[in-house]
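My questions all concern the structure below.
As written, the chain order gives the labels A, B and C, with residue 1 at the start of each chain.
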Amino acid sequence: MKIKQLFRHSETYVLFIVILFSAFVTAINPAFLTLENLFDLLRSSSGTAILAIGIFLVLISGGVDVSCTTIAIVGQYISVNVLIATGFDNIWFAFAISMLLGVTLGAINAVFVSLFKLPTLIVTLGTSSLYHGAMLEFVGTKAVNVGGLPQSIKDFGAFNVLNVSRPDGSTFGLSVFFVILVVIILVTWFILKFTMIGRGIFAIGGNLEAAKRAGFNTRRIQFFVYMYAGLLAGIMGVMHLSLIRYSNPNYLVGTELSVIAAVVLGGARISGGSGTITGTMIGVILITILEKNLIMIGLSSYWQQFFVGLVLLIGVSITYLQAKFQDSGRRIIVKEEE
Amino acid sequence: MAEVFLEARNISKTFVGVKALDNVDLTIGKGEIHCLIGENGSGKSTLIKIIGGVYKADSGIIRIEGTELRGMQAIESIRAGIQIIYQDLSLFPNLTVAENISVNQMLESNQQKVNWKQVRETARKALAEIGEDIPLDERVESLSVAKKQIIAISRALTQNAKLIIMDEATSAITSEEVSHLFSIILKLKQRGIATLFVSHKLSEVFQIAENITVLRDGKLLGVYPSSELDEEKLAYIMTGRMLKFEPYRYDEQMKDPVPLLEVKNLAKAGQYRNINFQLQKGEILGIIGLIGSGRTEVVESIFGIDGADSGSIMVSGKEVHIRNPRDGMRHGIAFLPEDRLTQGLFDVQSIGNNIVITILKSFLKKSRMLDVRKKKQAESEWVEKLSIKTPTPANPANSLSGGNQQRVVLAKWLATDPKIFILDGPTIGIDIGSKHTIHEIIRDLARQGMGIIMISDEAQEILDNCNRILVMSGGRIIREIKDSTTISRDELLDVIAKRVETGADA
Amino acid sequence: MKLNISKLTQYKFKEPKNKYLFIIMLLSIIIMTILLPTSFLRGSNIQSMASQFPEFGFLALAMMLAMITGGIDLSVVAAANFTGVVAAVILNSANTAGMPAGTAIFLSIIAVLGIAVLCGLFNGMMIAFVGVPPILATLGTQGLFLGLATVITKGYSIGGFPDAFMTIGNGVVLGIPIPFILFVIGAVLVALLLNRTKQGFNMYMLGTNPTVSRYSGVDNSKVIIKTYIVTALLAGVASIIMISRANSMRPGYGSAYLLQAILVVVLGGADPDGGFGNIPGLLMAIITLQVTQSGLNIMAFSPFFRKFMWGFALLLVMAINFIAQQYGDYKRVKRMKEQVAATAS
């Protein structure tokens, strides 16, 4: 019974795919299942995972957010430029600026979603164009390369919380990024599970009208959701910068769809109200190993996008085919034992 | 009468020039089971929304246990112990039973954090109070409507309800579930909780109510102890006229040796089985049964919405295979669905487009392009034929009243020139006047030789308009009444409620 | 003045929103003409505008069809990329193999249209038979199509087409750019599809309420599949114009068009919830956008500013729509109540 229930969730399938794929990759290339590669995967995918959590929250509330990646790059690019311009070379300062920007831009999204009640996909498409265009026009278009990058950001990217030495004496480690991700997962989980605002996010995603009647402040909840997603995007922006040590104002934009794909694969319902953080993380893992490890099995990285699309289609097909069959079986009226 | 709990005096409410309520009184005693009854548009829902503080009355006062509700705000009513359970139940399908029950209490106490132990405890207690046992961790979306209702009632109990208002609570549950609901209401009564039961169905009212308040056109017609009334009297009070009119008589001469429609051993797993009946030209065959009896499912299969698993359907003696609505239409079957707003009508599209959708093919020229002139002509023709009140067929369908909207749906199907017309609840949500004209239209069609199947909740409507009646229950036809004039309303109601031995299928 | 416009629009505009669009379009043209008296209305500028927008106009036509049925097609640009890459490969190899240009062009166009039909069929079946919401289905196929395009080209751009092929995107007939002519034909065909065929009629109805259309005997699956096939075909035509204008094809080309397409479709009066959308509205929205873009271009505003403007315009239009609708609803309810009151007394 329990196992049967487990198979109703698409994240179970996705987890299986992850395990199978990992086993497959390991069989072909044993370098996959090494601590070093795992640490590296964690380091490079933490940012995506954080974005995914923000998008996950938006999906739960019944919306879609395609502006997260834009918010991340805006936060990143503006904060690095401020750091350079002021000469105040401090990682906390960078985070503060980026997070503040993220929250503000998220709040603008919320204004259109909550006050004007516009479709969230179209709002966030519009705002992402607005934010990105404004930044390129009014802030600048020149990339900041590693030479011009503030030292604190480079240091942060290289900071490991745990070091392991290789046989030859050199070391590799577990990046601080992973710690940030874990903290965000825990905080988000706590909010969703143990606060009224968190339950409110589920409630408005399940039945907005009922949420209003029950006395949830739906406006406040929507503002919280989009501002929180913006905040996470802001954090991700700075992390991304210290990961690749290069700030190109055109990066990240355009990758939002694969993050959404990860969240949906993780079992979050596009119509809102349902999904888990665990599922979301499994979805991110799948997308990440697809994107990063095709080379390991001898497929060129050009296949990446194709496989992400394919896996997404298979994942959602399973979910919706199941829903279709369950639905037709539900209208039981006659009791056969009569 | 026992101690008074709620007293509303001289309540009036006007919406932009229309008096929705005119000097209405309502008194409910502690623990009383009271019924508020009236036609659609009589002001029932306005009154309960005023009591619930959703609307503010223009004049009048409401006293709860002697103290006046001054602000007339939702929160004030809730604090005073009034809980409204709307027809849609306002539940969260994606959340668990436990959370749905306790969510209002958590919001009420203004807490910021969720204590899951407390959530479960609250839910368990509320369910126990009415002697129910529903798994607390089940998601609400997987439950039946009746169970959902119980959850909504339990939720009301967590708010220290002293009066629970149920808006059209029985419209989507089966007869067994209705009696279960009534037993819960009696349990509430024992705990001193009053129930205001809002309905437009007469039959249930007498089973449960102690007192009945009747509204019509926003005015109070009277308050009656239910023991002093019977259904007929109440119907008269509600509608202001005797509804009896000549029942439809079937002209036996129209009968063909081969029936227009014959259904043999039709069955669909989990929905209905062993369905056998015939329909002759010119007949109006009534199918009556409670929700969940399988009546809608059977006719939907005949039309092709959801095909049957086994059995055969013969049209004019020829066996036909119907797998989708297009098959049904090809064999001359038309189907007016139960829910006009979600199944019958494109509310925001033009009246004309609503009508011609079924006959679009006939406007195609050789080039496969639509002949727009011909289409427009047909639109105006049908608007005129059924005297739909609109300046132009180009207006959206939602600009019409309920009765006129139903005529649009009728027109859409009549345009296909059907031999067999199935009408599922043709007068739901339509005021008395329009109801009558729609009945007239249906009778005329039958007289011209169309075979008609009519489904209704209302026994009287079936008796008045059908010459033959099938009664369904539990997915089977439990009785056929060959001549509707041989049975009285009460007898028919007894058959429906399975209070008499049917003998047909036992 | 006010009276004049309302009288004029009473007869001309079936869709009420088009009245405002018409004014917005006129205003944008007038403003640009005043700001740029010498350069804006010059023949060469008009010609360049007319050759610029069709590739994206076709994508907008495609997007509108999906939206009318209550869906969305996020895969249009990817489908254009995919078909474009295939065409580019054929043209390029035909060119190097010395195949006659006519044959090569014919082959490539057939390939584009054939693959487009397959792409649309796939989208349509995912939505109609599997039951995946259009936004997810086309999100997935976007990755699929773009991925295939990338795999074929290995990320490089493919160029070197027969000269004759270039005339499709750059040629001029009687001073009118060929892409523009193609677009006019496309728009007329789509308008005919929407207003004069059973498929078009059913698309509006399905978009309004799929249950009602099913209960009315409409074959919903067929309507959806046909819609997405036409959508992909339009994307295919866009890709032919794209590659011949640029004389090369690279996956990812035109990715910004996705947002622009959604923008003009919504601006043109289509409802993201389905059931509404019309060619005159869409054309006016496209013209408004092209005029504004071209004007800003002449005034040396950067493309980034235009991106900013587009986002801004989209949000502004939607917000105004919302407010206007609320006001309209309020007025309608009021009018209906008054009618009820009048009949009651």
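Definition applied: a contact is a pair of C-beta atoms (placed from the backbone, for glycine too) under 8 Å apart; a residue touches a chain by one contact, two chains touch by 3 or more.
As the structure is a computational prediction, the values presented were derived from the model and not from experiment.
Trainee: Considering only mean CA positions as chain centres, point out the chain farthest from chain A.
Mentor: B
Trainee: Counting C-beta pairs in contact, which chain pair has more, B-C or A-C?
Mentor: Result of the comparison of B-C and A-C: A-C.
Trainee: Determine the centre-to-centre distance between chain B and chain C, using the mean Cα coordinates as centres, and give it in whole Å.
Mentor: Going by mean C-alpha positions, chain B sits 44 Å from chain C.
Trainee: Centroid of chain A to centroid of chain C, CA atoms only: how many Å?
Mentor: A distance of 30 Å separates the two centres.
Trainee: Which residues, counting only chain B, touch chain A once they are in their complex?
Mentor: Touch list, chain B to chain A: 75, 86, 88, 90-95, 99, 103-104, 106-108, 111-114, 116, 270-273, 292-294, 297, 474-476.
Trainee: Please give the residue numbers of chain A that touch chain B in the complex, ascending.
Mentor: 193-199, 202-203, 205-207, 209-211, 213-216, 272-274, 329, 331-336, 338
Trainee: Quick check on the complex: what are the chain C residues that touch chain B?
Mentor: 192, 195-198, 201-202, 204-205, 208-209, 211-219, 275, 333-334, 336-338, 340-341, 344
Trainee: For chain B, which residues are in contact with chain C within the complex?
Mentor: Against chain C, chain B makes touches at 15-18, 305, 324-326, 328-329, 335, 337, 342-349, 353, 357-358, 360-361, 364, 368-370, 372, 399, 412.
Trainee: Which residues of chain C touch chain A in their complex?
Mentor: 72, 74, 126, 130-133, 135-137, 139-148, 150-151, 154-155, 255, 259, 262-263, 266, 272-273, 302, 304-312, 314-315, 318-319, 322-323
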